[in-house]
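Right after this note come the structures.
Here come two complexes built around subunit A, the first alongside subunit B, the second alongside subunit C.
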Partner chain A sequence: MTRYLRLCKVLWQINIKAMRAYRGHTYMMFFTTLGWSLIAFGAMYFVTYRVDKVFGLSRAEILMITSVYGLIMGIMHTLFTANFERFSQLVNRGELYGILIKPVSAQFLVSVLRIHPLSLMRLCIGIAFILLLISQFSISITLTNVMLAIPLLFIGAYMLYCVWFICNMIVVWFHTVDNMMSFMIQASNIGRYPPEMLFATRNVWAFLLVPLTLFSAVPARVMMGTSTLTEIVILCVCALAFHAGSQFLWKRALRSYVSGGV
Partner chain B sequence: MYRQFFINTFVEMFTYRAHFLLWRLRSIIAFLAVFFMWNALFMQREAIAGFTKPEMFTYVILGAFLSMVIFSAKSGVIADEIKDGTLSVYLMRPVGYFRSWFMRDAADKLFNIGASILELSVIIYLLAPPMSLSTDGVYLLLTMLSICVAIVMFFVLQIAVAMAAFWLVETWPIRFVYIVLIQFFAGVMFPLSIFPGILGAILQYTPFAYLVYIPVMIYLGKYDILQSIVQIAIGILWCIVIWIGAHILWKKGLRLYSAVGR
Partner chain C sequence: MKHLRIFLLCCQEVFESRGRVFIWLLINLFSPVILMLFWQGATFVSGTSMSISSLTSYFLFLTVGSIFLIAHCERQISVVDIKEGGLSRYLLKPYPYVLIIFLSELAYRMVQGVLGMIVFGALYLLYHSYFAFTLGTEQMMVASFIVAGAYLMSFIYKFIVGMSAFWVTEASGILQFSDMVLFLTAGFLGPFILYPDWYSAIVHMLPFAYMLYVPVISAQGVLDIGELFRVLSIQVMWIVCLIAIAAWMWKRGVRRYTGVGI
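And then the complex of A and B:
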């Protein structure tokens, strides 16, 4: 464990140095990240502009889910997005081989080799939006609720990581697919909305997407003190199930990997 | 000769089937998220921002169809061709660079029209949303005209944005801002009239509005015939202005072009 923490520290240092070396790129990333975060929040703000309540959920609650979604996506983009975007290249060119022979967990290296520290800005923007909501809608949030929500936020992020990882394994069998990450980010967008939105459709296809709404909805509700124990348990069970699925599929995928190109 | 560009693109799309399927699935998920959101918002009310439930569902479905067709284009790589020097190959050939790209885009759109009609038909059949279908021949004709304007508008916008590659090493931030503007201000997620006050009024006259919002509003009969013709005329005017701008940049850019990397 200590070895992995040391490795994480080194990876962070390398990536921060890379960020400082390419300053022009970093500045542009700063503005685009800021712009995208504002637009994502603004879209939901304007859509709910003429609405007070949807399914008993207040506008504040819906916007809180959107803000928590921003927080979790901040974690995802900081740690995983760049790595998963590169995964098809690793497989297609046979570069995964170089990672497999290293004396550390290959799944760990595949997932966090490239860190994007600037995406932490999304976390800051998400926190700023939450504070804005608290003041604008006079939401009462207790410290206990916040302390409970933080671990659930990480569980939600881990669940989303496992879903992304499972989907990325498909690339091992379909080498030419290079738009998996774009697909996953789009699919994760469902997390901006509450699960009630899907339940209301009474449609079995919509129910399939429910796990993708839990990762942001449950921590948001815990923070606002409106969640139930069942919701928390369902999030944890989903996270465990996706974790098991990702481990199983990773092992299966490695058996099929042929290291083409090397 | 230009027919061959069309055929080659078509064949290419059949070659990378998994990539294409994932792209389609991504579009379906994006559509379903917006559809379910509006479904939820209309559960307890009759109208939002002047749109009844059937009108809003028609807006969302037609908007999704138009975005799938209009935004599907191969010309997004023009900037890369300028940047890596591939443009030189085309400049030496006796073909119009932009005409060849227009034919590639046309093939891409034709392919996506087929796929979108199939997917949306299945979705409409499964979800059975209430819709407000127009049967007025004049409005249908005006809608078709506005869609043609939208296709040309998107093409000239693509070219104008790509021209930045003559001056900048990295064009992705500009493309990113451009994509964000399109996603938000073309009216794909929601009608632009939902924006409050003067902001909503201004946004309806930007070039982005002519990509999705205006064609759907014409179809829904939100404009009378004269207003529709005026809107189409403004759209054409925007196309001409952007095209002239892009052409000036192209001429100036070619003088600077040094085919770096070739």
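And then the complex of A and C:
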């Protein structure tokens, strides 16, 4: 464990040095990350501007889900997005081989080799937006609820990581698909909306997407004190199931990996 | 004949990476479909003149529009051709680089557009009661010119964004910034009628609304013939401006290009 923490520290240092190397790019990324994080909240603010209720949920509840979604995406973009975006290149060019021979967990290295520290800004903006919502809509939040929501937020983030990991494994079998991460980011956007939206469709295909709405909706509801125990249990079960799925697929994918680059 | 041959070669390339094309189609479909589902559960505050059927048809047209109209050539230009030095081989050929990129992009848009039309047809057949659009023959004629103009605008804009790599080696920050601007101002979030008036006024002063939002509402039959001609004239003005900027950038950019590649 200490070894992995030391490794994380080194990786952070390397990535911060890389940021310094391309200063112009870093400044632009700063504004872009700031912009996207404001958009994540601002877009929903505009979308619900003339809306009274959505699926029986008030505007404040919808905006709270969006804020928690922003927090989780902050974690995801800081630690994992850049790595998963690079995964298809690793497989396609046969570079995954270089990671597999290193004396640390290959899954760990594949997932956190590239870190994007600027995305931590999303976390800060998410917290600021939650505080703004609490004061604007007079939402009553207790410390107990917040303490309960924090571990669920990490469980939600871990579940999303497993879903992204599973989907990225497809690249091992279908080499030309280099845009899987763009798809996963797009699909994860559904986390901004309440799960009721999918239940209302009464469509079996839409039900399959429900876990992708739970990762943000459950912590948000726990924070507001409107959640049910069933929702919390479903989130935990989904996280465990996706964890098992990701482990299984990773092993299968490694067996199929040929290390031949193009 | 020469152009047609090159176009057919580009089409061949598109079919070669059909898995990638399919994922792009899913990416384009996802966001409008989710927003469509969200709007269906919304109850608006009094004074909002928007029905669910017109909203649904807006998102349906937006789905096809975003697949067919929004060019994605900027990454090819900035990363593969300028940053990695791939432009050199095009500069040596007796065929303009811009035309090669245009035909290659057109092939992608046409193949994806056809797939998008199939999805459009399927959704229309399944849920035709949700859709409302009225388009006369005259309107349809002018609207088709608007659609062509929108594609041209989108292509030149993305070409300009891609060329920014002549000045900054790592242009992914600029690319993301451009995506963000398009997302906010091209109508991806929903019809501008649902947003604050000041936001709508600003957006109409920029070229981005004429790349997607205006063609979508033109195809829906929201605009009368006079308004359609006004839109067409604004598009022509923007196309002239964008071509002037692109030509200026290309002339200066090629002088800066080293052809080394990293």
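To be clear about the criterion, the second predicted complex is superposed on the first by the 261 of 262 C-alpha atoms of A that agree within 3 Å, B and C clash if a C-alpha of one lies under 4 Å from a C-alpha of the other, contacts with A are read in each partner's own complex, and residues count from 1 in each chain.
Note that a contact is a pair of C-beta atoms (placed from the backbone, for glycine too) under 8 Å apart; a residue touches a chain by one contact, two chains touch by 3 or more.
Predicted model only: the values in this text are computed from it and were never measured.
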| item | value |
| --- | --- |
| Subunit A as common anchor, with subunit B and subunit C clashing or fitting | clash |
| Subunit B versus subunit C as contact partner of A:51, first or second or both or neither | both |
| Partner chain(s) touched by A:43 [first = subunit B, second = subunit C, both, neither] | both |
| Which superposed partner A:186 touches (first subunit B, second subunit C, both, neither) | both |
| Partner chain in contact with A:177 - subunit B first, subunit C second, else both or neither | both |
| Which of subunit B and subunit C A:31 touches, first, second, both or neither | both |
| Common interface residues of subunit A - those touching subunit B in one complex and subunit C in the other | 24-25, 28-29, 31-32, 35-36, 39, 43, 46-51, 53-55, 174, 176-180, 182-183, 186-187, 189-190, 193, 196-198, 200-201, 206 |
| Residues of subunit A touching subunit B in the complex | 24-25, 28-29, 31-32, 35-36, 39, 42-43, 46-51, 53-55, 174, 176-180, 182-183, 186-187, 189-190, 192-193, 196-198, 200-201, 203, 205-206, 209 |
| Subunit A residues touching subunit C - in the complex, by the definition given at the top | 22, 24-29, 31-32, 35-36, 39, 43, 46-55, 174, 176-180, 182-183, 186-187, 189-190, 193, 196-198, 200-201, 206 |
| Subunit A-facing residues of subunit B, complex | 16, 18-19, 22-23, 25-26, 29-30, 32-33, 36-37, 39-41, 43-45, 48-49, 126-127, 169-170, 172-173, 176-177, 180, 183-184, 189-190, 194-196 |
| Of subunit C, residues touching subunit A in the complex | 16-17, 19-20, 23-24, 26-27, 30-31, 34-35, 37-38, 40-45, 47-48, 168-174, 176-177, 180, 183-184, 189-190, 194-196, 199 |
